[in-house]
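As written, the chains take the letters A, B, C and D, and residue 1 is the first residue of each chain.
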Amino acid sequence: MSLPYSVTLALQSLTREKWINLISVLTIASALLIISIAAFVVYNIDAATRSLPERFSMVLYLDDDIQKDRIDGVITALRRNSAVRSLRYIPKEEALRELKSVLKNSTYVFEGLDENPLPDTLELKLRKEAIGPEAVRRLSDEALKIKGVREVDYGEKFLAALHSLRAGTKTVGIALIVILSTGIIFVCYSTVKILFYRRKEEIETFKLLGATRAFIRAPFLIEGGAIGLAGGLISLFGIFAFYYAILLRLSVTMPVFKAVLFPSGPFLLLPGVGIFLGVAGAAIALGRLRY
Amino acid sequence: MSLPYSVTLALQSLTREKWINLISVLTIASALLIISIAAFVVYNIDAATRSLPERFSMVLYLDDDIQKDRIDGVITALRRNSAVRSLRYIPKEEALRELKSVLKNSTYVFEGLDENPLPDTLELKLRKEAIGPEAVRRLSDEALKIKGVREVDYGEKFLAALHSLRAGTKTVGIALIVILSTGIIFVCYSTVKILFYRRKEEIETFKLLGATRAFIRAPFLIEGGAIGLAGGLISLFGIFAFYYAILLRLSVTMPVFKAVLFPSGPFLLLPGVGIFLGVAGAAIALGRLRY
Amino acid sequence: MDLIQFQNVGKDYDNQTALRDVTLSVGKGEMIFITGPSGSGKTTLLKLVYLAEKPDRGAIYVGDVETETLRESQIPLLRRTIGVVFQDFRLLDNRNVFENIAIALRIRGIAEKEVKTKVFDTLKMVNLRHKADAYPRTLSGGEQQRVVIARAIVADPTVLLADEPTGNLDPGTAEGVMRTFKEINARGTTVLIATHNRELYRNTGRRVFTLDSGSLVGEVLG
Amino acid sequence: MDLIQFQNVGKDYDNQTALRDVTLSVGKGEMIFITGPSGSGKTTLLKLVYLAEKPDRGAIYVGDVETETLRESQIPLLRRTIGVVFQDFRLLDNRNVFENIAIALRIRGIAEKEVKTKVFDTLKMVNLRHKADAYPRTLSGGEQQRVVIARAIVADPTVLLADEPTGNLDPGTAEGVMRTFKEINARGTTVLIATHNRELYRNTGRRVFTLDSGSLVGEVLG
């Protein structure tokens, strides 16, 4: 079998059946585009919620009459804990200033005060890995055991809710992508299958004329690859168009969209995925050629 | 043309080409399922964020030395404003109690107080239509003009952010559904087109034997409708399965999903949509029959 | 009265003239033959009668109507009066022999009961009663040809156009088919047969038209 | 030495016996004819030679190999030594006449330059040089048949199997085709022709086998 001739055959077939090949190309393109956008949306929801727990902090109230060196002891003890990312000491004067700024519309609350009623506090930021309802509770218990720590405050409920929201989004997102992909791979497959179904006669005649399996297969695989490549390129163009024409334009009037992440790297693989889909689809559609 | 015979023809063709019809059915089913799930997700994001502004409230601080009848005046004035949905009067004693419960970990803040430093307040809930950055600012300005109102407090930034997030979600959601639908309608169309492409010969022979347009068309339309109906039923089954098998199960371990809304009404239209797609697809694929 | 008339008919394909200035007429109830070398225009001439092609020049009358003036919606009605044995068979691969023949009756809206008897009677005429359930692909060439013949005659057409109807038949079977055609003709059907098989028209006393490169070059009695 | 041998060959289709106990042998360089009524098994016999069907009983030798023992991957190699004029043509509708013929050479890996000359030479032999760019659907029945003949002979096969090769040809053209077959045969190709056309084998002095209902019922000299 001469390789150049199988390329010729593939090209002939591609140009001869323009309409039906265009359908396949666009089917694969829309399939890849749909999966890409789905992945893109899930990725962004994940990214947006991922940064939330980073803002999470735990507050430790220290004993009223605590000494300077006792404070250092607490800090050292906490720094040793691997879950702690950073730690800020807030003397009671600063705490009062902060509280006042928070209640800025009600500063008169503090008008009658002559003594600072607030304790010294330590604000902990945790490592991302450590932010789970369980881990946080454990850390809280440990902190309470340190001498000089009177009380520990953290948003238990908020944390639990956030955590299950994130887990849920991921689960549903992945379920969606799996459903989408299954549906879409099926559609691709059936398009290719129908495409080749039409050529059963042709393949049969080729066989009867003495063509080897390789001779019959090669043009089909090349054709499948070319169709897949075209589909991949169009979907690549589509996803970039989606980002630049829709999201970036939206972000001018709606600043929320400035936060959208566009990981262009993985999308550049789309043409490759297209080729793979096309060639695999063609191979499966052809099936085992029997003589 | 005898109607029963065209039904017979359609049935024959459905059973004769099982494999290829199955492909069409499943293509339409996955198409409808994908669109349904996309719409479902957008609907839920919208619903989840819609309830947020409902919790939004505006707080009016009244003059320190305000009289009972002056308060009634303010309330009457506000009630007249069409943007106001409900209104709650909070005497300063209650406001202090609330503040204490909010700051429950720091009640000692109030230890030194012997007089309540808080003013009387009015809490307004707004009508949904009125919750936009512009409308809220206008209302705030009007409220300030009422005698006895000292200060108005509302989360300007939060409101603006929430508003643009909602608008953005909707825009992207609709853009996504439009892209999905276009892609998918195209895929449906091409499946049907290929299906009929294969029968060009048969149609040609029918014409040469003296068949009228109606005789040729009827079985195709019936067949298209049957395929579409089957696809619609499968997608209906799929979306219910998605809800009951995935979401409800998830909500056992992840309570967030309890909040998911499942509007089964519109989904019951899916079989109808399927029939429409099938018949329309068949009609378009057949095109204008020329003699 | 003449049932089919060609007046100075010409037909061109893209880069080929298939018929040139053909004038002929076939009387009601007549049986004629068209012969001529491969590619001389026999099939094209028949196609013009059942309106699968349109003439580029001249006029064609079938019955009283000029075919060019026929509205599209009337074409099916005209075709139902014609039975055609297509040279390339045009059998429906996904239907069995019975259905392939029955379709000609169903298109004409004939009741199911009548369909059955008519189809089986016709199958008997072409000796294919035992192949009623077979699919065209599983038939021999001659069997397929006989199915096409059965389909053309099953609905008692006013005109029968047979294009090379015995190309795949052995002499004995061909003779049987010709006998059938003669019977049908005797019952009033006008029959046009395009063939290269001289045996078919030898000693029939019927008119034989000879085409060559699209021109009518002879009319003799067989 | 015998090139093709059938030893007590039987072949059944689902509900039909197509060949019964057929024993015959064709010598290298011989030209033989197979005849018999429609459905008697001629096509089936040829199909067994080019392995489109497998025998249910008996053994078939082509060259030195028993076809049953052939590995799948060797079937294409065997088929490349055989040229077939299919009764149902099997032309590729989406390729023009030139490509339809060239494909037989390309499958055999013949260089492009040689392909051109060979195809055009063969087209001249069947008088279709002017139709090289036409598509099968736009050809007359006889033209299509000659394309199939050209495809079968273009690669100088060792064996030529012709199934009803003149069913759509006028006597003149048929004679031309037979002359071509004889030339090919004279150059050493073994030729098997299945036909119902007595003219083809009349006075040839070649062996004529007659099939009836799948049985070999006669062997005479034409």
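Simple rule for what comes next: contacts are C-beta pairs under 8 Å (C-beta built on N, C-alpha and C of every residue); 3 or more make two chains touch, one makes a residue touch a chain.
On a predicted model such as this, the values are computed, not experimentally measured, just so you know.
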Please report the minimal path length, in steps, between subunit C and subunit D on the chain touch graph.
1
Please indicate which chain is farthest from subunit C, where distance is taken between mean Cα coordinates of the chains.
A
Express in whole angstrom the distance between the two chain centres, defined as the mean CA positions of subunit B and subunit C.
63
Taking each chain's centre as the mean position of its Cα atoms, how many Å separate subunit A from subunit B?
23
What's the distance between the Cα centroids of subunit B and subunit D, rounded to whole Å?
68
Any chance you could list the residues of subunit B touching two or more other chains?
none
Subunit C, residues touching no fewer than two other chains
none
Pairwise touch network: line, ring, star, complete, or other
ring
Let me make sure I understand the interfaces: which chain pairs count as touching?
A-B, A-D, B-C, C-D
Subunit B to subunit C touching residues, read off their complex:
1-2, 5, 12-13, 16-17, 201-202, 204-213, 215, 290-291
Interface with subunit D, subunit C side, in the complex: residues 13-14, 35-39, 42-43, 87-88, 138-143, 145-146, 163-164, 167-174, 196, 198
Okay, in this complex, where on subunit A does subunit B touch?
20, 23, 26-27, 30-31, 33-34, 37, 41, 61, 99, 105-106, 108-115, 117-118, 151, 153, 161, 164-165, 167-168, 171-172, 175-176, 179-180, 182-184, 186-187, 190-191, 193-195, 197-198, 242, 246-247, 250, 253-257
Note which residues of subunit C are touching subunit B in the complex, please.
50-52, 72-73, 75-80, 82, 84, 86, 90, 92, 94-95, 99, 103-104, 106-109, 112, 151
